[in-house]
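Each of the next two complexes has chain A plus one other chain: chain B in the first, chain C in the second.
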Partner chain A sequence: MEFLDASLPYIMPIVYAVLMISVFMGLCSYSVLAERKVSSWIQGRVGPNRTRVPLVGHIPILGNVMTGLGLFQPVADGLKFLFKEEIVPGHVNKGYYYLAPIIALAPALTTMVVLPFGRYVDADGITQPLVLANVDLGMLIILGISSLGVYGIVLAGWSSNSKYPFLGGVRASAQMISYELAMGLALLPVFMWAASPGYYDSEGLFVEGSRYGMSLFGVVQSQQAAWTILWQPLSALLFLVALFAETNRLPFDMAESETDLVGGFHTEYGCFKFGLFFVAEYAHIIMGSGIFVLLFLGGWNFLPWVADPWGDGIFGSVLSVAWFMAKVFFMIFFFIWMRWTLPRFRYDQVMSLGWKILLPLAVGNLVLNTIIIALYDTLTR
Partner chain B sequence: MAKTKVLERKPLSFAEKTFLPQIVTGLKTTFTSMLQKGVTLQYPEERPTIPDNYRGVPTLVKDPNGREKCVSCQLCEFVCPPKAIRITPGAIDTDAEPERAHVEKAPQEFDINMLRCIYCGLCQEVCPEEAIFLQDIFSLSGYSREEMINNKQKLYELGGTLPDKHFKWDKKKSAEAAGNAH
Partner chain C sequence: MATTTKEISIGDLGARSHGAEPTLQGETMALNVGPSHPTTHGVLRLKMELDGDIVKSCDPVLGYLHRGDEKIAENMTYNQFVPYTDRLDYLAPLANNVAYAMAVEKLAALEVPDRCQAIRVLCCELARISSHLLGIGVYGMDAGAWTVFMYTFTEREKLYTLFEELTGARFTTSYTRIGGVARDIPDGWLGRVLEFCKGVLPVLDQVDKLLTRNRIFMDRTVGVGAISKEDAITYGLTGPNLRACGVDLDLRKDKPYLGYEKFDFEVPVGTAGDCYDRYLMRAEEVRQSVSIIRQCIDQFPEGSYYAEDAKKIFAPQKAKVLTSMEELIQNFMIVTEGPQIPAGEVYFEAENPKGALGFFIVSKGGGVPYRLKIRGPSFCNLSILEKMIPGHYMTDITVILGSLDFVMGECDR
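And now, the complex of A and B:
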C-alpha cells in the first residue's frame, strides 16, 4: 500500500498520457472517416456504409444507423493497413525509409502534451487548465516541434530514391519554411493582447504582464468576453492560411499533389508505413484545429460575451472539454470542406502568396498592433 | 464574315483580388451540395433500369408457343468475330414434335463462350430466325473457365420467351397445306 502511494505520482502521468494518446488516435482514425464521409456528401455520394462489426452492428435500428454512418470503417481501414503485404521497393534507402513515417508522426503526437483542452477549478478556487504539461511557453513548443514533422516528409521523399517523392519532399520543405514565418508573426499580436496590460494580484498590487505568461491557457482565459477572431480577423486569417499550408492540406498540398506527383512523398510507401503518414496528416490537422480554436475561437469559453452556462464542478469541466471538442470538430470539418471547395495552387503561386503577401501582411499586422497597444497603454495609464 | 465581339475585361476590384468573397461563395456552393441527396445507387440491392436496346449477354429465345426458334443455320457462328459461338447441328425429333417436323433442323449443342464474347451484337443482327438476342444481363461471373461457357440449356434459361410477330414456320406450314409453297 505504501509502495502504491509512493509510486502514484509516477504512475498517474503515464495513465493520463496513455489515455490522451488513445483518445487522440481515436480522433485521428475518425477524422479519416469524417474526411471520407464529408467528401462523399459534398460530391453527392454516400461514402463507406457497409462495414459491420458482429454483435454491435446487429443491434436492431441502431446497428444499421451506425453501419450506414460508417462508424466501423476505421477498424476495417486499420486492419487492412496491418495485414497488407509489406512491399519495400528495392531502390530505397532502407534505414531512412523506415524512419520517415515515425518522424512524421512523432512530432504531431508530442505537441498534444502542451495542448490544454478544458478547465477545472482547483481546491483554492483558481481556474486551472486541463492539460498534460502546463508549460508557460506551450505555443513555442508546439511551433517548434510540429514543424519537425516536415523532416519526415523530406526524409521520405529523399530515401525513396525516385523522382516524384523527391520533388514532393523538396516542395514540402520550401513551403513549410515560407509559411512558418507568417504563422509565427500572425501569432504574436494575439499573445501581446492576451498579456497586456497586467493584473491585480491577491494583495491588490498591479503587476505588469500576464498572469499566465505566454501560455495557451492565458490566451483562452483572456477571451472570456470577446473571441480573438472578432477583433483580430487579419491575424486569424493569416494564421488560418498558414495553418493550411503547414498541415499540407488542399489548396496547399504541394507535397502530395497526386495529379502531378503521383502521390508525392509517400508514393513508394505501402501498408502500415503509409498508414502512419496518413495518421500523421490527420494528427496535424487535429492539432492545428485545436490551436486555432484555443487562439481565435475562444477555446472552451461558451460564446462571445456570454458567460459559461455550466458551473465550476466536475460537470462544468466535462462540459468545457465537450464544448472545446465541438469547436475542434467544426474546424476539422472546415478543413475537409475547404478541400473540396478550392483547387490546388500552382507551386509558384504558393511561394509568391507566402513571401509576397502573407509575410508583409503579417509584419504590418504586427507593427500596427504594437503601435495600438503602446498607445492604449500610455493613454489608459 | 461574322464580327468578333471583343468583350471588355474589367479590372479586378480589391475584394476580388483578395479572393475571399469568391472563397466564401465557393464554400456556400459546396455546403449546399453537401445537403443535397446523393445520387448513388446502392448497387447489389438496387439495380439500374436497363434500356430495351441494351447489348447484354447473348441468349437464345423461344417463341410464344414455347418452341425453339433456332434452326441451326450457323450464321451466327460464322459471323461471330471472336468465334465465341460453337454449334453442333442436329435433326428435329419428328416423333416428339410432329408439328415442327418441317423445320427439319435444330441445334443439338449451342455453346457461347462468354470469355470470348465481345458483346458486339452481330449474332443478333445476322440471325434469320430472330432466335438469338442480347438482353439485359450485364454482370456475369464464374469461378472457372467451364462455368463461363453458356450451353444450350443455360442460354434458353437466360433468354426466356420474347413476343414474336412472324410465326414464320406456322405460316409456311399453312401455305404448304394451301398448296402454294415456294
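And now, the complex of A and C:
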C-alpha cells in the first residue's frame, strides 16, 4: 500500500496518457468517417452505410440508424488496413521507409500532452486546466514538435526512391517551412494581448512579467469576455490559412495532390503504413482545430460576454470539455467543408501566397499590435 | 565523382544575376506520366523532361487503346459498324452514331425525313450535354474540386436514363441505322427530355458558383495553356478548343446539317485560348444545347423516323416482313448483304462535342465499305501538346489535359 501511494504520482500520468491516446485515436478514426459522410452529403451521395457489427447492429431501430450513419465503418477501415497484404516495393530504402509513417504520427500525438481541453476548480477554488502537462511554454512546444511532422513526409518521399513521392516530399517540405513562419508570427499578437505586462499577486503587489507566458491555458482564460477572433480577425485568418497549409489539406495539399502526383508522398505505401499516414493527417487536423479553438474561439468559454453557465464541480468540468469538443468538431467540419468546396492551388502559387502575402501581413499585424499594446500600456499605466 | 572548384568574383555574380540566361543548374529529370495515371483520363502517356517543377519537353505517346476500328470496318456491313462508333468518343456515343450514319447517307445521296432529323438533333445535343458535363466535371476534379464532378455526374446519370429509354442501352447506344434510327422515340420521352433540361441549368449555375469566379480556379487556369489562333488552326484543333482561341468555326452554323440552320443558337467564341476560356466555352455550349433541344421539341415533326423510300438501305418493319413477300426479300437482302451503297468517295464532318468528327468512306458499291477513315477530333486536339506543355509547371499538366477534354477511345480508334 505504501508502495502504491508512493508510485501513484508516476502511474496516474501514464494512465491518463493512455486514456487520452485512446480517445484521441478514436477521434481520428471518427473524423475519417466524418470526412466520408460530410463529403457525401455535400456531393449528394449517401456515404458509408453498410458496415454492421453483429448484435449491436441488429438492435431494432438504433442498430439501423447506427449502420446508416456508418458508425461501424471506422472499425472496418482500421481492420482493413491491418489485414491487408504488406507490400514493400523492392526499390525503397527500407529503414527510412518504415520510419516515415511513425515520424508522421508521433508529433501529433506528442503535442497532445500540452493541449488543455477543459477546466476544473481545485480545492483552493482556483481554476486549473485539464491537461496532461500544464507547461508555461505550451504553444512553443506545440509549434516545435508539430513542425517535426514534416520529416515524416520528407522521409517518405525520399525513401520511396520513386519520382512522384519525391516531388511530393520536396513540395511538402518547402511548403511547411514557408507557412510555419507566417503561422508563428500570426500567433504572437494573441499571446502579447493575453500576457499583460504584469499582474497583482495575492498580496496586492505588482509583479513584473506575465502570469501565463505562452501557456495555452492563459490564453483561454484571457478570453472569458471576448474571443480573440472578434478583435484579432486578421491573426485568426492568417493562422487558419497557415494551419490548412501545415496540415496539408486542400486547397494546400501539395504533398498529396492526387491528380498529378498520383498519391504524392504515400504513393509507394500500402496497408497499415498508409493507414498511419492517414491517421496522422487527421491527427494533425484535430490538433490544429484544437489549437485554433483555444487561441481564437475561446476554448471552453461559453459564448462571448456570457459567463460560463456550468458549475465548479465535476459536472462543470465535463461540460467545459464537451463545449470545447463541440467547437473542435465544428473546426473539423470546417476543414472538411473547405476541402470539398475549393479547387487546389498550384505549388508555386502556394509559395508566393505564403511568402508574398501571408508573411508580410503577419509581420505588419505583429508590428501594429505591438504599437497598440505599447500605447495602451503607456496610457493606462 | 570528380569535383571542380571555380573562383567566382563579385563581378561574375553580378553578371550572372543580371541579364544572364537562366541556365540549368543541375540535371533534368525524366518523368513518365501514364499510360495509367489519374490525370491522363485514359491511356495517354507523356514522356516529360522536368527542370525542377517546370516541364522542358513533352512527348505524347499514343496508341495504347488502338483497336483497328478502320480495318474492322472493311470487313462488315455499314450497319454492323454502328456499334464500333459507340466506342470512339464513348462519352457521346449518340453523336458518333449520327455522324457515321450521315456520312454513309451522304454517299448514298439519301435524305432522311424531318422526324428522323429532329430525333438526330436531339441525340447530338443530348450527347453534347453529356460530354460537356463530364468535361467540366473532370476538369474541376483535375483542378482539385471533386464536388463539381459529382454534381455534373449526377446530371449525366439522368441523361443515361434518357438514353436507355431511347436506345435500350445506357452507354453503348448504337442507335442510328443507315437511313434512319433503330426505333421511334418512346411515349412521353420528349417531356422527360424537357424535364432534364429544366434540371441541368440550375446545376450549371451551381458549378458556375463553385468555379467560374473562384479565385483559386482562376489562378490555376487563366493564362495557362494559352493557344494562339494561328497555332490552333495550324494544328487542326476543332470544337470548343478551337473556338476558345477566338476562331468562330462551328460546323452546325457554317455547314449546317440535320437542319441546324432552323435553330436559333449562339456559338460562344473565346478570346485568350487558355484553359479558363475552354472551360467557359463548354459551360456556355451546354446552355446553347439546351436552347436547341427546347426549340427542337417545340416543333417536333410528325412522320416516319426512317427513309421509307430507301428500300435497299433501311430494313423494313418487322410486322411487314412477316406478312409481305416483297418486304421479306428486302429484309433478307439488307441483313445478308448490307445496305446497298453506290460506289464513290465521301467525306463528312459533324460538329461533335469534342470537335469535328469526320468519316471518309470509299465504296465500291455493295454493303461493305472499301475503306473507312475516321478523323478523331481528340487526336488532332492532342497534337498540340508537344508545343503547348513545355514551359508550364508539372501541376499545370492536369489542368491543361483536363481543359483539352479528350477521349482516348477516339484518339487511338
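Please note the rule applied: the second predicted complex is superposed on the first by the 378 of 381 C-alpha atoms of A that agree within 3 Å, B and C clash if a C-alpha of one lies under 4 Å from a C-alpha of the other, contacts with A are read in each partner's own complex, and residues count from 1 in each chain.
The criterion applied here is as follows: contacts are C-beta pairs under 8 Å (C-beta built on N, C-alpha and C of every residue); 3 or more make two chains touch, one makes a residue touch a chain.
Since the structure is predicted, the reported quantities are computational estimates derived from the model, not experimental observations.
*Asks:* After lining up the shared chain so the two structures overlap, which partner does A:Thr259 touch, if you call chain B first and chain C second: first, second, both or neither?
*Replies:* second
*Asks:* With both structures superposed, pick whichever of chain B and chain C touches the larger number of chain A residues.
*Replies:* C
*Asks:* For A:Val38, using the defined touch cut-off, is the partner it touches chain B, chain C, both, or neither? Pick first, second, both or neither.
*Replies:* first
*Asks:* Just to be sure I read the superposition right, which of the two partners does A:Leu342 touch: chain B = first, chain C = second, or both, or neither?
*Replies:* both
*Asks:* For A:His58, decide between first (touching chain B), second (touching chain C), both and neither.
*Replies:* Neither chain B nor chain C is touched by A:His58.
*Asks:* Mind working out whether A:His91 is in touch with chain B, chain C, both or neither, as first, second, both or neither?
*Replies:* Touch partners of A:His91: none, neither chain B nor chain C.
*Asks:* Just to be sure I read the superposition right, which of the two partners does A:Leu167 touch: chain B = first, chain C = second, or both, or neither?
*Replies:* Touch status of A:Leu167: second partner only.
*Asks:* Which parts of chain A are in contact with chain B and also with chain C?
*Replies:* Touching chain B in the first complex and chain C in the second, residues 42-45, 340-342 of chain A appear in both lists.
*Asks:* Give the list of chain A residues in touch with chain C in this complex.
*Replies:* Against chain C, the touching part of chain A is residues 39, 42-45, 163, 167, 250-251, 253, 257-260, 262, 340-349.
*Asks:* Under the touch definition given earlier, write down the residues of chain B that touch chain A in their complex.
*Replies:* Within the complex, chain B contacts chain A at residues 20, 23, 26-27, 29-31, 33-34, 36-40, 42.
*Asks:* Would you mind writing out the residues of chain A in touch with chain B in their complex?
*Replies:* For this pair, the touching residues of chain A are 38, 40-46, 237, 337-338, 340-342.
*Asks:* Using the touch rule from the top, collect the residues of chain C that touch chain A in their complex.
*Replies:* Listed in rising order, the residues of chain C that touch chain A are 29, 31, 37-39, 53, 140-147, 150-151, 154, 210-211, 214, 216-217, 219-220, 393-398.
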